[in-house]
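Given below, in the form of C-alpha cells, are the structures.
Two complexes are shown next, each including chain A; its partner changes from chain B in the first to chain C in the second.
Let's turn to the complex of A and B:
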C-alpha cells in the first residue's frame, strides 16, 4: 500500500538513523557518519517525494488500518492531504539538498536528519489521519518531534525549543480535551459519525467542540495571539532549518483548520458554527487572521536580524491564509490554500538566500551587512524574487494568491478585513525593502571585500526555487488545478481557473499578460536608461554629506537602525505588546504558585504533624458535618 | 506449586542469614538469588490465580478468625509480581551502586545491613498485599516502614539522617492513628478479619464508623503519600540512596495506596471516596507545581511522585471498576518510569557529586545511555505517544469523562494542566543534560569526581585529571556511563514503558482481572 509506504519510510529513516547513531557515533568518525547520514537523508527524502507524487491516485479511495502502536490507527489520502503531503515531501527534499552544503558544523547537529525523518513521519501521519484519535496521536508525535528538531542547535535554540514545548503541550492537551468532548458527546472518533452527530447538535455544543479543536491548530499556525513561541524558535535554528520550519512546519496548523472546518466533520459544521450572530466561529477566525496579518508584519519592520524579520513575516503571512480559508468562499479558500504553496516557495527562497549570505559573512545582522549585490549576485536575485513574491507584487506567485484573497474579502462583504490585508501588505513592502537594502544594496563594508558567491550545492536550490516562484506566477493554473480538485472533493464550489490564472467567471486574471506587460515595461525602462545621456561610474566612497567627505571609515550609514524614526513612534507598542505581557504574567502566576506551594513543605516536622491533624479534623468535619 | 508463604519466609530467612554471615559478597548474591527465585515464581502464582481464582492460604491448619489469614487473588498476585520484579532489578542496580552510596566509616560492613533491610522491606511489602487480617496488616506495615526509615538514612549524610528522622516521626504518627483505628474496629467487630470488621462497621453508628475510617485512612495515607500527609516524601525520596528512592517511589507508596483503596472498599464501603478525590486533585496540583520550582533533580522527581500518586488516587476514587483499571495502568507505568528516572539520577549524582540539575549540563556526552534512558522515561511520564504513559493517561481521562461528575471534569482539567507543567520541568532537565558543556562546569565536574567518590573506574579519573590541566576551550570528558548491572536494571524499567506502549492492549487486558479483584473484594 502506498499510504503505508509514505508512513513507514520516514519511520524507518528515523529508526535507522537512531541505530546508525548508536552503532557509529558521530564523535568517533564525524566525517564518515556525516556522509552516511547525508546519503540516507537524500535517498530517503527523494524516495518519499516520488512516492508522494505517485500516490495521488490513491486520494479519496482507500482507508488503511495500521497497527503502529499496538492498536489500529486509520489513515486515508484525500485531495486536501495529498496537496499538503506533496508540499511537505517536496520542500523537505529541497531543504535537505540545500543543507548538504549549507549546514555547517555537522558535529553540532548530530541527529538533525534523524529528527527530520521523525518530524516528517509525524506530519504525514497528521495529514493522513482518518479518525480523530489517530489525528490526535499523530499530532502529539509531530509536536514532540518538532521539539526535538528545534533542539538541534546551540544553547539558544534549545531554550527557544523549550518555549515551543509549552505552547505545543498546551495545544496537545486542548486537542485531547476536544477529542474527549467529541468522544463522549458523539460516542465515536470516526469523522463521518461526528459530522452526522454534529448536524443534529445545538450550535453551542458544536462551537465548544470546534473551539477545543481549532485552538491547537491556531497555536501550531502561530496565529495571533498565540504566536510568541515562533520567532525565537525559528530564528535560533540553523538558517536552512528555519526555511523548512517557516515554509511548511507551521502550515500543518492551516491544514488542520481547513480540515476541521470543511472536511473532517462535513460542510454543515461551519454553517452551524457561524449561524449565531454573537458566537460566530467564522467571523472570529477572520478577526484573528486580521490581527495575525497586521501586528506581526509591523513587528517585522523593526527587526535588525534578517532571520528574525523573516520569521515575523512567516507569522504574518499565515494571517492571509486564515482569513482566506475562514471566509469559506470559493475564491477565499482557493486563495488561502494557494497562499500556503506560494508562501512555502518564496519564504524558503528568501531564507536560502539569507543562509547563503550568512554562510559567507557569518552574520544575519542587518546593521552589519550591505552592498553584497556584486559579491553574491545569485543570493541577491534569490532574495529579490522571494520578496517580490512575499510582498504580493506581480509577476511572482504571491500576487495571485493575495489577489484571490483580496477579492474574496471584498466580495464576501468584509471591507475591514480587506483593509487590514492591504495595510499588512504595505508593512510587508516596507520591511522587505529594508531587508534587501541592508543586505545587498548600499555600501559594502570593507571586511566583506573578498567574499565570493556560495558553491553550487547552495546555488542550485536557490535557482530552482526562483524558477518555481516565477513559473507558478506565470502558470498559476498548475497549482490552482489541484486546489480546484480539493474544493470539488470537499463539496465546495470549485474555482474556475485557466493555465494563466483565474477564468472570466471568477474575475479573470491572466498572469501571462501581466508578465508580458511587466517584461515589456522593464525593456522600455532599460531602453530609456540606455538612451539617457552619459553615465559616470564612481566608487562607493566617492561621496559627500553636508560638506564632509566620506571615506571608508565613515560610510553613509543609512543601513544602521533602518526605520529608526518609525521605531521610535511604534516600537514601544510592538516590542513588548500586551500579548507578550500576558504570556509573561501567566508564567509569573504559575511560578509564584509553585513558589508558595513549595513553601508548604517547610522542612519542619512540627508543621508536618500539624498538617496531619488538620487533615484529620477537616476530613471528619467535611464528611460528618451534615449529620 | 510452592506455597506463596515463601514470599514472606524466604526474604526474612535470607535477611537473618546475611546478618549472621556478615560478608558483603555473600549478602549481595544471597539476596539476589532469593529475590530472583521469588521473581521467577511470581508469574506462576499470577497465572494460577487467574486460572483457578483466589487462593486462601491457611497457616498450620488453624482457620480464621483464630489463625492468621493470608490470601492471594489477582490483585495481590499482580503486586507480588511487580514487587518481586522491581525488587530484583533494584538489587541488580545496588550491586555496583551501593559501595559508592555511603562514604562513612564502616560502610563496607554496613553493606550487609543494606541487603538485609532491603529484604525486610520486600517481606513487608509482600505481607502487606497478601494479608487478610487487619492486625497483620499493621505488623507488615511496620516492617515495611521501619526498614525504609533506616534505608533512607543509609548514607549517614546529614540530609539523609534528617530525612530519615522526619520520615520516622510522621510514620509513627500514622502508625498511632492506625492502631487507634484497629482498636476501635476490634471493639465493635470482635474480630480482626477485614470482612468481619466491614460487616460490623456497616451496622455501627455513622459517626463511629466515620471516625475509624478517617483515622485509618489518614494513618495509612501517610505512607501512601496522599496530600497533605506526604510532607515527608520530598525529603525522604530525595535523600535516600537512589536505589531506595526508586523502590520507595516505584512500589512502596503504590502498595500502600492500593492496600488503602482495597481496605477502603472492604471495610469502609464508600465512606471516604469523595474526600479522597478532592485530596487526590490537590495532590496533583501541589506536587506538579512544587516540582516546577525545584533545583535538585531528585527533589523534582520526588514532587513529581506526589503528583503521580494524586493521579492514581483520583482514578481509584472515581469508585468504578474502570477507574481502578485506569489507576492500575498508571501505577504500573509510574513504577517503570519513575524507577528508571531515580536509578539514572543516582549515577548522575555519583558522576558529578552534585544534586543540582545545573551541575548536569552536557552530561549526555559522558553518559549517553543514561541520558537516553532518562529522556525515554521522562517522555513516558509526560505521556507522549507511543509510550505507556500516553495510554494510561488517556484511559484515566476517558474514565474521568465517563464519570460525568463535577469531580471527573475537574480531574480532567487538573490532569491536563499537570501534564503541561510536568513537560516543562522534565524537559528542562533533559535540555540541561544535552546542553553544551561550559569550561567551568567541566572543571567543577572534574573536581568533584577527583575529590570525593573514589568511584567508578580510576582510569576515567586519571583522564579527567589530564583534561582538567589542559588549556582546552572545548572540554572533552571521558565517558563514564552506567555500569553493566545498573544499565540492565534501568534498561528493563525503560523497556516496561516502551513495551507497555506498544503492547498496550495486552497490558490493558492483563490488568482487567486485577482491577476486578480490587473492585470486587
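Let's turn to the complex of A and C:
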C-alpha cells in the first residue's frame, strides 16, 4: 500500500490545490487562501517525507500494479529509488518550510505549492516506475510539471520555461523512440523481459537502445552539450523553486542513468556496452562528464548574477556524478551517488542564503550588492558553509564524495578525467569566492545601511542545512551505508565504509580525525591570536588606498572583470561558445521555417478546402501507386 | 607509536616546522644579501619580525570575518601539516592521503581570501583575485604530476609512496623515475611558494602588497607565522613525492635546504610575470610536461 500512498498523496495535493484555486480564487481573500495553501503544503509534504522514510522496508519487496485505460502500469521500490525518494521528499519539505516566509504574499505565485505537489508526483512516479511504459509516462508528467513550475515568476521565467520545454520535448521524443525500439525488438516493456532479451543481443543493438534511453537522461541531467536550457530556466524562477530544482530535479537524470546502466534490466548493461573498443559507452560518458564539469564551471566565473552563477555550478557538479557513476567502480559509483546527496544539501543552502539576501535587498545582481556580512551574518554563514561544501573542501560533506571520485578515477587509470575534475574544483573556488565576496564582503553600499537579517522562518532552514552539510561531512557513514546497500542491490561490490569515512581496504579516510585536528588547530591559533595586543574594529572607509581618500562617493565593487587574467585566457572561448551559436542558428532556421508554415493558415475557408482536395488527391495517388 | 611519544610529536611537530621555517627564511634573506653584495640580516631575522609584529599595541581589524580568517589561515596550515609525514612521524598520514592534503591546503587560501575580502580594500581584492588565479595556475600541473605518480604506484597514500621510494633506492625516486613529472612539479612548486617570477600576489610596487595591505600588528604576525610553516610544508610535499622522502632528520634537512637553494636561486635572477602570463606559463610549460609524463606512464602500464 505504501508505494500507492507515495504516488497518490502528492497527486491528491495537486488536484485538491487546483480545486481550491477554482472554488475560492486567491483574489477574493488572498490571506485565507494563502494560509490554507501553506498549511496543506506543510502537512502534505511532512506526511510524504515520513511515509518515504517508513517505506524503506518495502524496497525490493513489493510491486504494485495500477491500471490506466486498460494498460497495467507497474511501480516498485528499489534501494536506489528509495535513496532518491527520501531525498526528493526531504528537500521538498525543507523548501516548503523555507518558502513559508521566503515567498512574499504578493499574489505573484498563486499556484506555487500546487505545482510543487504536481512536480513531486511526477518525480516520485519516475523513481517508482517499474516498466518502461510507466517510466515514459511518468517522465512526461514530470517534464510538464517542471515546465509549469518554472513559469512561476514573471515574463522572463515564462520565456525561459519555453526554452526548457524544447529540450524536454526532444528528450521525451527520444525516450519514446527508445520505448518503441525496445517494444519492436523485445516485444515487452517489462524490465525483466528486456534484460533477458538483451543478454542475447549483439552489443550494437544494446548500445542503440541504450543511447536512445540515455540521451534523455543526460538532457535532464543538463550534461554538456545539452545544458543550455538550465541556467536561464532556473535563474529566472522564484529563488525557492531554483533551490528545489537545482537540488534534486536535475538529478532525476542521474537516477535514470544509474538505473538503466546497472539495475534497470536486471543485468549490468554498462559492461555489455563498454566491451567494444570503438563504441565504448563508458568512455563516452566519462568524456561527457569531464566537459560537463569543466565548461560550465568556468562559465560561472564570468556571471554577474548570483542565481545564474549558482545554476552554472549546478550543471558542473552533475559532471562529477556522471563521471563517478560511469567509472562503474565501487569507489566511483559510491562517490557519484553520495555526490547527489551532498550537492542537494549545499546547493539548496547556497540558494536559500541568496534568497535571504534577495528578500531584503530585492536583487541578486552581484554588481549591486556588497558588504552584507555586517547586516545578514546568518545568510553569510549559510553561504560560507555552502561554498566550502561546493568547492569540496574539508570538513564539509562535498569533500568526501569528491575524494571517492578522484580516487576511483586515478586508480582505474583515467588521469585526465581526474585532472578535469580537479580543474573544475579550482574553477569552483574562484567563482564561489567571487560570489561571496561581491555579496557579503567588500564595501557595504549606503542604500543597504538599514537592512536587517531575515526572520527565523528563513533563518532556521538555513541553520538546519548548515548542520546537515557539516554533520554529513563528519559522519559520512550514515549516507554511505545506504549507498553500500544500493551497490549490493546493483550487483556491485559494496563500499567498505566506516561511520567517519572510508575503511582501510578502500584507502582510509577519517573525517572525524580531520575535524578534531582542525578544531584544535583553530583553538591554538586563537590562543596565539589572543597573545597579541587588543584589537580594534574600524569602519570600511578607514582604509589604505595609496593616497586616495575613500568615502561613500567612491563605490568599490569588483564583480566586473574580477578575474581579468582568466578572462584574457578563456574569454574568447566562453563568451561566444560554439554550442550556443549552433543553438541560435537552429533557432533562427526553425523560426523562419515556421513563419512560412504559418502562412498556410490563411484563415480563408476556400484555401482550407483546396488543401483537403489536394491531400485527398495525394492519398489516392499514393494508394493507386501501391497497387 | 606509544601514546606519550604521539603527544610529544603532536606538540613538537608544528614548533619544529616553524623553527625550520625561520631558518629557511633567514637563509633566503642571507642568500639574497650575498648575491647583492650586502651582509644581510641575522639568520633568525624572521623570528624577530614575528615577535615585533605580535607585540604591536595597535591591531586594527575590519570585522569578525577579518579576525576569523586569520585563524583559518594558521589553523588550516597546521591542520595540513599533521597529514604530511616526516621522518619518525606519520601517524595522521594514515587517516588522510595526498588528496586530503591537497584539499586541506585550500583552507588557508580560502581563509585569507575571505578575511581580505572583509577589509574592503581595492588593493587587497586585486591581490586575492591574483592569488586565486595563481592557485589555479600552479595546482593544475602539480596535481597532474601527483596523479601520474599515484597511478603508476596504484596508491594515493603519501606513506606508501615514501615506502616505495625508500625501498627501491634512488632509481625509484620520483624525479629519477619520472623526470618530466619531477620538473613540471618543480616549476609548479615555484609558483606555490610565491617566488619570482610568479610573485604576482604580493607585488609591493604594483598593488601595495596585495592581501597584506590592511593587515598589521598581530594579523600580519600570524600571516608571517603561517608563511614560515607553509614553506617547509610545501617543500616536504615535493621531497616526499619526488626526492624519495627522508629516512632520518639529517637527510630531511639537507634535502630541504638543497631544494630551497635551487628555488631561491631561480627567484634571484627573475623579474615578475604579469598575472595572465604567470598562469599561462604554468599551463603552457609545466602542464604539457606533466601531461607528457602521464601519457608515458599510461603507455608503460598498458
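Things to note:
Throughout what follows, the second predicted complex is superposed on the first by the 570 of 627 C-alpha atoms of A that agree within 3 Å, B and C clash if a C-alpha of one lies under 4 Å from a C-alpha of the other, contacts with A are read in each partner's own complex, and residues count from 1 in each chain.
Just so we're on the same page, a residue touches a chain if its C-beta (ideal position, glycine included) is under 8 Å from a C-beta of that chain, and two chains touch if they have at least 3 such contacts.
For clarity, every value in this text was computed on a predicted model and none was experimentally measured.
Taking chain A as the reference chain, the count of touched residues is higher for C when chain B and chain C are set side by side.
In the superposition on chain A, A:162 makes contact with chain B only, not with chain C.
In the superposed model, A:83 makes contact with neither chain B nor chain C. When the two structures are aligned on the shared chain, A:224 is found in touch with neither chain B nor chain C. Look at A:359: by the touch rule set out above, it reaches neither chain B nor chain C. Applying the stated contact rule after C-alpha superposition, one finds that A:601 touches chain B and leaves chain C untouched.
On chain A, the surface touched by chain B in one complex and the surface touched by chain C in the other have no residue in common. Touching chain B in their complex are the following residues of chain A: 25, 27, 68-71, 137, 140-141, 144, 147, 151, 154-155, 158-159, 161-162, 165-166, 169-170, 173, 176-177, 180, 183-184, 590-591, 593-595, 597-598, 600-601, 603, 605, 607-609, 611-612, 614-616, 619-620, 622-624, 627.
Residue ranges on chain C touching chain A, taken from their complex, read 54-65, 67, 70-76, 78-79, 82, 92, 94-97, 99-100, 103-104, 106-107, 109-110, 113-114, 117-123, 125, 128-130, 132-133, 135-136, 139-140, 143-144, 147-148, 150-151, 154-157, 208, 213-214, 217-218, 221-222, 225, 274-276, 278-280, 283, 291, 294, 297-298, 301.
The part of chain A that touches chain C in the complex is made up of residues 371, 373-374, 377, 380, 384, 388, 391-394, 399, 402-403, 406-407, 410-411, 413, 415-416, 418-419, 422-423, 426-427, 429-430, 433, 436-437, 440-443, 507-510, 513-514, 517-518, 521-522, 524-526, 528-529, 531-538, 540, 542-546, 556, 558, 562-566, 568-569. The touching residues of chain B, when paired with chain A in their complex, are 165-166, 169-170, 173-174, 177, 206-207, 210-211, 214-215, 217-218, 222, 228-229, 231-232, 234-235, 271-272, 274-275, 279, 285-286, 289-290, 292-294, 365, 368, 379, 382, 384-386, 390, 394, 397-398, 401-402, 404, 412, 416-417, 419-421, 423-424, 427-428, 431, 434-436, 501-506.
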